[in-house]
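Letters are used for the chains, namely A, B, C and D, taken in the order the chains are written, and counting of residues starts over at 1 for each.
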Amino acid sequence: MVKGVVLSRNEQEFLLQLLAQGKRLDGREIEQFRDVEIKLGEEYGYVDVKLGRSRVVVRISSEIVKPFEDRPFEGIFNINIELNSNLLLFSSSDNDELLIQRMIEKSIKRSNSLDLESLCIIAGKFCWSIKADLHFIEFDGNFIDISNLAVIVGLLHFKLNNVTINNNQNASGGSNNDQQYANLIIHPINEIDPISLSILHIPISITFSFYTSTSSGGDTGDNDKDNDKDQSVICLLDASLKEEMLRQSFLIITMNKNKEVCQILKNGGLPIDALTILNCCNRAVKIVDELTEKIKSTLKEDQLRRLENVPLDELRAENARQTNEL
Amino acid sequence: MSSTSKQNWAISDCDAHFCDVLVMLKIFVPFHCYGWSSQKCWGAEEETAGEAGKAGEAGEAPAEATMEVLTVSKPIQNREDFDSDSDSDLDLDFASPQKQSLQNSVVTPGELVTSDPMLMRGHGTYSVGNKTYSSVAGTISRVNKLLSVIPLKSRFRPETGDHIVGRITEVGNKRWKVDIGGEQNAILLLGSVNLPGGILRRKSQNDELTMRNFLKEGDLLNCEVQMLYNDGAAGLHTRSLKYGKLRNGLLVLVPSYLIVRTKNHSFDLPGNVSIILGVNGFVWLYKTPLKTSLSSSSTLKNTNLNKFQTMLNSDSSNYTPGSTSVSITRLEEESTWEIYSDKNDPNISNNVRLNIVRYKNCLKCLSHCEIGITKSRIEHVYDISLEYENSGNLIEIEVMERIGKDVLNGEKMRGVNTSKMMSL
Amino acid sequence: MSRQEIYSPEGLRVDGRRWNEIRRLSCKINTHPISCDGSSYLQIGNTKVMTMVHGPIEPKNKSSLLQDRAYLTVNLNIPSFSFFNATTNKKLSKNSKKILELQVSLVNIFQDLIILKNYPRTQIIINTIVLNQDGSLISSIINSISLALIDSGISMYDYISSVNCGLFNSKFPILDLNYLEELDLPFLTIAIIGKSENVSFLLLENNLPLDALEKILAISISGSHRIKDLMDNQVKKSSKLRIKSINEQSIN
Amino acid sequence: MILSPAERSYLRDSLSLETPIRPDSRLVGQFRPIEAVCNFLPNFNGSSRVRLSDGNECITSVKSSVVIISSSSRDDSVNLIDFLFNIPGYRDDSNLVSNLTLTFNKIFNNNFDYSSLKLKNFKNHFFKLSIDILFISNSSDINDNYVPLTLISFSSYLALRSTRLPLLINDLEKDEEDLNIDKIKTQKEVELPMFSDDWSDSTYLFPTSPSSSTANANQRTPPLIFILAVIDDNLFVDPTIEEQYVSDNGLIVPWCSGNIINPIESTKLSRDPNSDSTSSSTVGLNYNHLTKGISLVKEVAAKVASALDNVVNTSDENEFLNSIF
């Protein structure tokens, strides 16, 4: 998994022994999620998420393009991942990037969280193409969860320019008009309020890491047979970088508040009892609830903050009225 | 213009795929499953799975279009067939524990071999606690307390003393890497070969620099496994006059498990052809060399010597190996150069060449029929093959299978004791 | 296809199966004895997959040489003619993300199944070719590789068997989906080690209610066990035939 | 694959004898036996799987679709047969794949009777055949320059031979004159070809005459491509990989319906970087080689074709229900 950082054998064994005793290096409980800190930027769609020391910045952008020929009624959603060059050390080249990308694609695109059809402007001709750029600023484990979280918050936060379709060919109303968009008027944010994306549900990914507590540690080999007997599987939430390096397999569950599982991936590695997997799913429910609440409150705060700056009184359409009438 | 004039559209009706859903096979495996926590148990019905349409196939002979230019046959579902019906008696045999001798029972990966902690666990097994499981599909073999499972098929695993044929793949630092058809390339140290200028002289730095003059990439050689390294790689040596570079013939590859490990692996066959049956399945067929009267010494008959000298002049004119060793005479030096020559004997007669290819086809025939290869069998097949004037006929599958049967039947008739024919 | 047709009120599926029936599974090992060290062909319904295993062999390049174990490579080949609706010009690129992801998963699955430390400094190459697709693609690939590895005589801890299972109307689990069912139903693919309940691989890509997960897992584990039995039978049978023919040679 | 110098010279010597001795002692015009089935892919109009005894294998599928080609442009610009090669281990833009695609497209499109692909009663509607070829090499080491042309050619021949096209069920007496309307779009709406759902009504693209046990010279066949290895004065059909390595040159001779067809090409078969190659690379083809090669192909081609036809004729209708192995 990780190239640049190498753990010494002693360090590895120490960590595993700690885990076997139910303790972790940073003092967390086995099933404790690190604190999530979500910062929303001034611009719509700019999100900065911190999870412990891991930090990801997501920026959502949009443009108008021609939809794919085989899907004329749908918009486009793309994810672009930038691994900061000094963080490349922490990822084993393409595989991680690929994993994150596919993960986000599955949990947001395939689960219909982002309603692509709502991005369609004129069927077969114009649609919005939404692009999410991910930047990893600092990395201390749990790539997947944090990036997934950041993207979905970004999408919730992001707003699209209002577009009107002008059937009159001569129109030259909007400021962004050029030849290609001849009959579309894209309204700048300050003219007409932008519209939020239609997000149907909020998928949250939770990654579980698995370890076996056989004394020797390192060797993954000989323990397939007797999971149920001699050895117990330790199941860890929100692994840090060092813990991630040592894990023997992992399970990524994406769920939303409605107790709908959007995606599960267990990608080989140490085999895990099916019951354990079910337990993990049930445990994830609680965390998903918490995180969803957190996201919602953060967004609400942001909205309120933005409203503060708007001179609401002046925007009122109705005439001022004296309140205490005679 | 062409862009508008050429249009594709998919007309589903014209496609041929309408048949796929409807003809889906309707033989299914009935089973039932009772909830999560209760013990899973399957319906008692025996499954009918795996019926290839065999009733037709097995009975009728494959449609053959025999002609001398090209034979086309249908793939025959032979031996390892898909299905169960005809073999059900066989299954019963193996299912009854009384008949289940250790030698004949087949274990598959994950199957419990023994829970006796006293037995030592060899290849093809792994253990969890006291229990030993098989890690391959194969037969159990027990030698004293060593229990191992021998896979039915695997790549060549070298053992010390194996006489093998290999091909140089890499010239490295004081060593050659040799492809022997095994899991890893074998290693031939510069110190384990005879160099020109006396068998036991020290290897000079000059030798190191000119290793390619002795053996280079692609060269075939005939050698013996001297030792096995920890990681399973083989160390080779050619420190005998019977080993060395191969000439005057061609290589045949057969599966290594068909070669029976015997005392001797190089033979002279009828028809002035010799064979080296490498244990690794690399077989070298070549013209039987002229016998010299002093077979073991490095001196050669004068008549031969002249020939070699002329042969070697082109190769080694600008190189004097072991130039420091004064005591060795010129004669001995030159004679051992012969080991590393690339030149074939110029006088290989057509007859010998024809015999060599005939033997090659005989070997291919044995390997096709998966019959263990021994000297006597090769000769036997050769005899049978003589009824085909053109040995090119031997490449036909039908012919090969017929000959294979003949060989086995012939042995039965003659009662040849070939008890350990197979290495399996 | 309307949703109703997938599972009729009488409990029959498009192709006449009941909910818990897998399609006809036929498999064969040692299909390419000359070309490679281990090979298999597996067919479940109309999904046909063949696998060839090369190795363990000397690594082709130095970067795939590991000192303590074998280097595992999986190449997945899904030619255009294998697609269910083989439209003529559609070709799944060899480097499409889906295939790359699957290849990574397959390597991960088999890395822990094969006893790689028995083969230091070598490489094992698995080539899988999908000849026809009709659902259960990933599970067929896993099953086929499992068989080919056994055929090649490479040590592994146990069988791995895989099956997929879908959910109809958020209530009824349906085992071993074909292509049409896969289009319409949420389903998961699972791979089980041997006869245990240990899950090596689990993949779910559609929305599925959490409550249903337990049921589906239970059924798919049972299904995997069934498939393991079928494969094991086949391996045993062909091994016995082989031994029989060897014995015939040496008895006399 | 590398040969040692001794092996190489032994092989060359054997092959350049007056009566050459091939390494498997085949005759000059003898092919290695193959195993073949056709029509085993249910979703396709035609398919074949051919396996050589050395383990190489080739699977070919033919899929038809309908295209409209205006009569004026079809002669030069449009290929009605499209080859797509899939060779595991090779990229699609690699030399081998693009060379093969080029060769096959050229030979097939130049020599194919397009009238057989035309939809009856439609002026501008044609079947377009997409031919997918999957070649499975027997070696994990795919850097060989071995050109398995013979095998691929057999496979594509068989696939085309077994190709069936659905029966057209439009009754089209009515509007022959409308076909000349320039606007193709409207035309498309006017008359859409309709096909019978019943696969048993389909017809073979290359109908076989019932008395085809011996090669009927006038019978229409798909092209076959032969590759000949040239060693000294000798030419060999179906060269093995070793023979290709020691060859001076190679000759590609296509054949169709009883005749040698264009283009006959020379090709280099031995690309062994380790050969010192002062001798072998400078040898060209001479007139004798050409005449010898052509007469050799003439001699064997009809027999090969009828051997392959036999597979089609004896193929089981329900073959695909069985396993392909």
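We adopt the following convention: a contact is a pair of C-beta atoms (placed from the backbone, for glycine too) under 8 Å apart; a residue touches a chain by one contact, two chains touch by 3 or more.
If you're wondering where the values come from, they're calculated on a predicted model, not measured in any experiment.
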| item | value |
| --- | --- |
| Per-chain CA centroid nearest to the all-protein CA mean | C |
| Selected interface, C-D versus B-C, where C-beta contact pairs are more numerous | B-C |
| Chain B and chain C: spacing of chain centres that average the CA atoms, whole Å | 29 |
| Chain B and chain D, separation of their C-alpha mean positions in angstrom | 33 |
| Chain A and chain B: spacing of chain centres that average the CA atoms, whole Å | 55 |
| Overlap residues in chain B, where contacts from two or more other chains coincide | 8, 10, 17, 20, 25, 52, 82, 126, 133 |
| Residues of chain A whose C-beta touches two or more other chains | 224-225 |
| Shared interface positions of chain C, touching two or more other chains | 26, 28, 33, 46, 55, 57, 84, 86, 88-89, 115, 157-158, 193-194, 214, 217-218, 221 |
| Residues of chain A that touch chain C when the two form their complex | 94-95, 98-99, 101-102, 106, 110-112, 220-221, 224-225, 227-228, 249, 251, 255, 259-275, 277-278, 281-282, 285 |
| Chain D partner contacts - residues on chain B that touch it in the complex | 1-2, 4-11, 13-20, 23, 25, 52-54, 56-57, 63, 65, 67-75, 77, 82, 167, 217-220, 245-251, 342-344, 348, 350, 353-354, 357-358, 360-361, 364, 390-392, 394-397 |
| Of all residues in chain C, those that touch chain B in their complex | 14-18, 20-30, 33, 37-38, 45-46, 55-58, 84-89, 115, 119-122, 134, 150-159, 178, 180, 193-195, 214-215, 217-219, 221-222, 225-226, 230, 232-250, 252 |
| List of chain C residues in touch with chain A within their complex | 97-98, 100-101, 104-113, 115, 117, 157-158, 188, 192-194, 196-211, 213-214, 217-218, 221 |
| Residues on chain C engaged by chain D in the complex (per definition of touch) | 26, 28, 31-36, 41, 43, 46, 48, 52, 54-55, 57, 60, 75, 77, 79-81, 84, 86, 88-89, 91, 94, 125, 127, 129, 131-132 |
